[in-house]
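Note that the chains take the letters A, B, C, D, E and F in the order they are written out, and that residue 1 is the start of every chain.
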Amino acid sequence: MRIKLINPNTTVRMTEAMGRCAREVVAPGTELIAVSPSMGPPSIEGYYDEALATPGLLAEIAAGEREGCDGYVIACFGDPGLYAARELARGPVIGIAEAAMHAASVLAPGFSVVTTLSRTCGMAWHLAERYGMTRFCRNVRATDVAVLELDQPGSAARRIILDECRRALEEDGSDAIVLGCAGMAELCAEIEDALGAPVVEGVTAAVKWVEALVTLRLATAKRGDYARPLAKRYDGALEAFSPTEANPNPMPPRVSRAGRM
Amino acid sequence: MRIKLINPNTTVRMTEAMGRCAREVVAPGTELIAVSPSMGPPSIEGYYDEALATPGLLAEIAAGEREGCDGYVIACFGDPGLYAARELARGPVIGIAEAAMHAASVLAPGFSVVTTLSRTCGMAWHLAERYGMTRFCRNVRATDVAVLELDQPGSAARRIILDECRRALEEDGSDAIVLGCAGMAELCAEIEDALGAPVVEGVTAAVKWVEALVTLRLATAKRGDYARPLAKRYDGALEAFSPTEANPNPMPPRVSRAGRM
Amino acid sequence: MRIKLINPNTTVRMTEAMGRCAREVVAPGTELIAVSPSMGPPSIEGYYDEALATPGLLAEIAAGEREGCDGYVIACFGDPGLYAARELARGPVIGIAEAAMHAASVLAPGFSVVTTLSRTCGMAWHLAERYGMTRFCRNVRATDVAVLELDQPGSAARRIILDECRRALEEDGSDAIVLGCAGMAELCAEIEDALGAPVVEGVTAAVKWVEALVTLRLATAKRGDYARPLAKRYDGALEAFSPTEANPNPMPPRVSRAGRM
Amino acid sequence: MRIKLINPNTTVRMTEAMGRCAREVVAPGTELIAVSPSMGPPSIEGYYDEALATPGLLAEIAAGEREGCDGYVIACFGDPGLYAARELARGPVIGIAEAAMHAASVLAPGFSVVTTLSRTCGMAWHLAERYGMTRFCRNVRATDVAVLELDQPGSAARRIILDECRRALEEDGSDAIVLGCAGMAELCAEIEDALGAPVVEGVTAAVKWVEALVTLRLATAKRGDYARPLAKRYDGALEAFSPTEANPNPMPPRVSRAGRM
Amino acid sequence: MRIKLINPNTTVRMTEAMGRCAREVVAPGTELIAVSPSMGPPSIEGYYDEALATPGLLAEIAAGEREGCDGYVIACFGDPGLYAARELARGPVIGIAEAAMHAASVLAPGFSVVTTLSRTCGMAWHLAERYGMTRFCRNVRATDVAVLELDQPGSAARRIILDECRRALEEDGSDAIVLGCAGMAELCAEIEDALGAPVVEGVTAAVKWVEALVTLRLATAKRGDYARPLAKRYDGALEAFSPTEANPNPMPPRVSRAGRM
Amino acid sequence: MRIKLINPNTTVRMTEAMGRCAREVVAPGTELIAVSPSMGPPSIEGYYDEALATPGLLAEIAAGEREGCDGYVIACFGDPGLYAARELARGPVIGIAEAAMHAASVLAPGFSVVTTLSRTCGMAWHLAERYGMTRFCRNVRATDVAVLELDQPGSAARRIILDECRRALEEDGSDAIVLGCAGMAELCAEIEDALGAPVVEGVTAAVKWVEALVTLRLATAKRGDYARPLAKRYDGALEAFSPTEANPNPMPPRVSRAGRM
């Protein structure tokens, strides 16, 4: 099976780290492709960043359909473009916030999300509600560590995040932690060891859930809201994204280069 | 005051119709600008269409900020890009679904939304929930009339919509109707007359609410989730959208032409 | 157009202040009438006060119908008698808590209400729920300033309220403030300036929203719950309130005097 | 112990019927007083009727406090003035909709309310929500029988109500019925026998619950929202209702006569 | 009438104390039987304890049906086996958490539960939700007093509980207390006196509510979810629990001895 | 890894069928053990059946802990004993309703549950709520096929279930089906083929999700509600279930025989 993990921001260093984490957990027969779009923001820290990350993400989904991918992971904790991606994809598409929250909800009575910037806490609450997870999500906590600092050698990020996780367990009545940023994937084991409570990281949780669903031959419903986009011709600079009868997986001609759009 | 009404699809004929409706209701001192982006889908009938309409919409918000606009209306019933637009704008930004649902909730104990395609019903329910309107929204009904048929002379669209509105009052326990598509704006008075119950159309409802808030000097909160996008350099084809310190209202150089992006 | 603003308590000084605030914001062609009932409590600080303020309020709505009013504002933060008033009125009727909460919900991801007495906090939460605003209302905070102290020269009320607003932004994760008492209308601009965040005051918010709805020819639904009261003869001291066929707008003979009932 | 059952409408025939039902079920030592106010509507069929029934109801509560009543039942399915009554009363105050819904919720997984006029269905839903009973309330069904027809000899009311109860069990997935009008109290046993499912009638349910709470020495909380009304002088025709320090149980001098107010 | 109070744990000392409390409040004609099962945990402090307390509890319900009991109280704050018990019983079955929360909700705008161990707080929240009481339940507070310490002479349990009740009133915005353990029944009056706010204890609240419902001839719905268990033969050690046509009240032969199962 | 699938009823034929389904989907290194308890009901069709199935289920979990199982699946759609099982287990424990609903929620905007008996529909709704899945669960439909008829050759069960699935898609606005009984596991592929929409079956969905979580080294939180049962000595026939310090995995001596308890 072929699973495509899409980091919707353009920071390849993060994409590679996620790919490493994911490849450690997939089953022998699973091919894991980790990519970033060639256009869009280098980090996603608000609704505007999300909106501009989405075209690149969707281009990668469309490419994945042409390349025979069986399922997709959207590897940014805001799960940008999730429903639009489901319109394009035949197989399952899961966001990392979605996967992490669902997993935490079967491991503990309640969890806290520990994320990066305060301005993204509202986004996490929106997701918790969209997925029915508000009854499990006891708090969303920001560390005000910037996404791109997470893997800087020598940064205080790890300690700050661990401290916030400890406070979450003590003050929120939570029994598990959800890491609220794809950039924290590599910190997961270390934090869990130090904390003695389940720490759920969405990249691997999503990859394994997609793998499970594909094994079960379960796919995205193609009736209703997630039916394929209606054929129409888009205007202007986005014409290459037009979903047409002839081209059911719309995408600009040069996928793998910076100027693809 | 200057209010910018943005039809996020590229069908100028619809934009002009909305502009006519809006200009009929604004106060004497209000300048109403009605625009469509130069790029993106000609109609919005799903999540994929929405995602690809959003960059063009945001370009128009950014342009509006440079042009001194005091408030904005997003004139598509899915309210695409609403939160991202609020990050860019100083003044209020209101979606037409948002305005119509809020207005209906103060006029009647319950309303039904009558919209175009079945596949967009889920989107309307998502919005009702996001705005706290599920307690008022008794049903969302599709007519399966395509958006671009609405103003075709000789189409059966008007009769089909009116019939669905009648059924809504009879079967849903609703006492008012919300029209679920910006393209229905010009039908509103006609339907209301035939129906004898309040029929709320979002384009004018949103324009008047923005006008009211601007008069009250109320603006979008610039703390928290709706703070301005953080400065960063976007990659590839979307570089022109980068929010930078130097350019607080990011936008590609040639706004009013097809190749703007 | 003629809008009637009804302060449901009998303190004329407050009514006049509200009238001043409202007249500053209405459009040129709008006549704004601000009245108090001649009977009932001088301030509304609990459910009992509310219940006894309602007959006088309804008498003013009935009078307004005879006088050709196009819409109404109920200018007490508990929105007393709102649904009963909608049964009498043809045009829109909006409460100031309703208007302020709805407005705040389109300007900020979350707001706090800052009100007077602790014993009224529960009333504000009831309203937030009734209007679908609990997802936006992050907290209701009492200052324990009495309603009638608000405009006393030399009182500490202003400082106390401003301090509470500051705490709300810091502690509640709110990005906007809703002032929870009609008596705070004149403090609004001052607090907003000091705070640097949207401060929504319901009197003007409600007046402008009613004005907008009337401009759009939208009125209260006269099917269902808000249909006119059924004709019947009331007993005893309240006979003058009887809704009869002959007298669709029931009201005691002498409206403008103390002994009107 | 002394329990006061207050029918908030002025139709003494109904009050007497409720008194009969209640006296059949109280414990030996319980004195049951059944009264109607001397002023207000003869039946309550909407929000306006409710608002005008409330002053008379509150006068009876205040009189009850002077007369040493230990608890109160508000015997109209809309539970008008419930929270205001709790401010006046030391002992428990329970509405009949409240008692019936709570009782039904411990007897069956779900119930349907069968009431009189369609226009009151919204009121019943509001109450279900206020009491946390929406998860049990599967439907509210109107029979469009007028309140005052219920006990007319020869009326079709009984048959119509029984038929609606049968449909409720069949179509709503409900396993119990709540009778949605105080005027149906005497029909309860007959309907239950015909139906073979629990039929809960609020007058007796409320009387027994108040009796139980008084036996347990449980009373209304006098902190917070239900604290006694603050002392102040009301204006005009309602002056006699003023809650003053000297007169903690405000009420006009002549209680038992038509001109009491 | 005969009411059976079942303490689902096997600690007879607690059962006797509950019996004393209950007998003080029942009406003259009411026979109150207080029992413990002969098998299961001596205290219930988690889901595992609950699950193993349930067979013994159900044996007592089945025995009660054979003995002509008219109603039942499940006297453990987790209300274990409540729905299963309703399948067996003809009369009403009420849990003490259920009774206490419902009662508190008609006496105060909000209450706090004060319970024993932290690990049971989640269970109390589950119950609040199941009964529709989350809108009234402001907090669940653990004292970390063990159930079996509650009636130890010289233990600090009383003081600790009273202190927690005080904090609940001050910090939670609650106006009443629900005692969250059957073992606290005898402390109720003492705490209420010290606190000056309603303190609801479930054992007596449930007994009186069952008594009220039985007086009203109200019984458990025997349609739908609470219909009698389907006849079938259980396997192994639990065969004696088989619900069969011949034996509608399944139970092992020797009820009142330790080896009954 | 070793996963234990526990069919909480005693019908070994069903257990074997589930084992076959599960073994087809597990990864090469996964050992799948499928067992039934030796005591309890042969099918679970109500709350009483559930309560009596739980001791046997918990005995199997305790045995699993001694046998080094890494995770567990509770293979009855009511997910009986789930939280109690989590107290015993170190690894993840997932119910099949839980797994199926979560999976369906990431594949389709809404699903319908198609189950066996009407009397179990309420149980399915309770689960949907407990897991936060009510926003996705559009309906629960009973076929009134008995559990043990499902695999009878020549029974009409398959056709009846397929017809109900078709109606669910047409009438409920659902885009996917959740099969509401472990006994339907072998029908899943056949129904999905006939239906052309995702059909989720909980046995395999749960097995794969447990397998995924174990691969990720995620386990049940051992703080808070799911901490191990407190050590205490149970009385009477259930003494062997006592959780003691010496015996952290309580269980009667002879597991694999009928008289084990």
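Methods note: a residue touches a chain if its C-beta (ideal position, glycine included) is under 8 Å from a C-beta of that chain, and two chains touch if they have at least 3 such contacts.
Predicted model only: the values in this text are computed from it and were never measured.
J.: So which chain is farthest from chain B, going by the mean of the CA atoms in each chain?
T.: E
J.: Are the two sides of the chain B and chain C contact the same residues or different ones, given that same means over half of the numbers occur on both copies?
T.: Over half of the interface numbering overlaps between copies: same.
J.: Between chain C and chain D, what distance separates the C-alpha centroids? Give it in angstrom.
T.: So the centroids are 28 Å from each other.
J.: Compute the distance, rounded to whole Å, between the mean C-alpha positions of chain A and chain D.
T.: About 54 Å separates the centre of chain A from that of chain D.
J.: As a quick test, compute the distance in whole Å between the mean CA positions of chain B and chain D.
T.: 46
J.: Of all the residues in chain D, which ones touch at least 2 other chains?
T.: Where chain D meets two or more other chains at a single residue, that happens at 109-110, 121-122, 173, 224-225.
J.: Could you please specify the touching residues of chain C with respect to chain D in the complex?
T.: 10, 37-43, 45-52, 54-56, 58, 81, 83-84, 86-88, 118-119, 121-123, 126, 129-130, 224-225, 227, 229-230, 232-239, 241, 243, 258-261
J.: For the complex, which residues does chain F have touching chain A?
T.: 25, 27-28, 92, 94, 98, 102-103, 105-110, 131-136, 169, 173, 175-176, 189, 192, 197-198, 200, 204-205, 208-209, 211-213, 215-226
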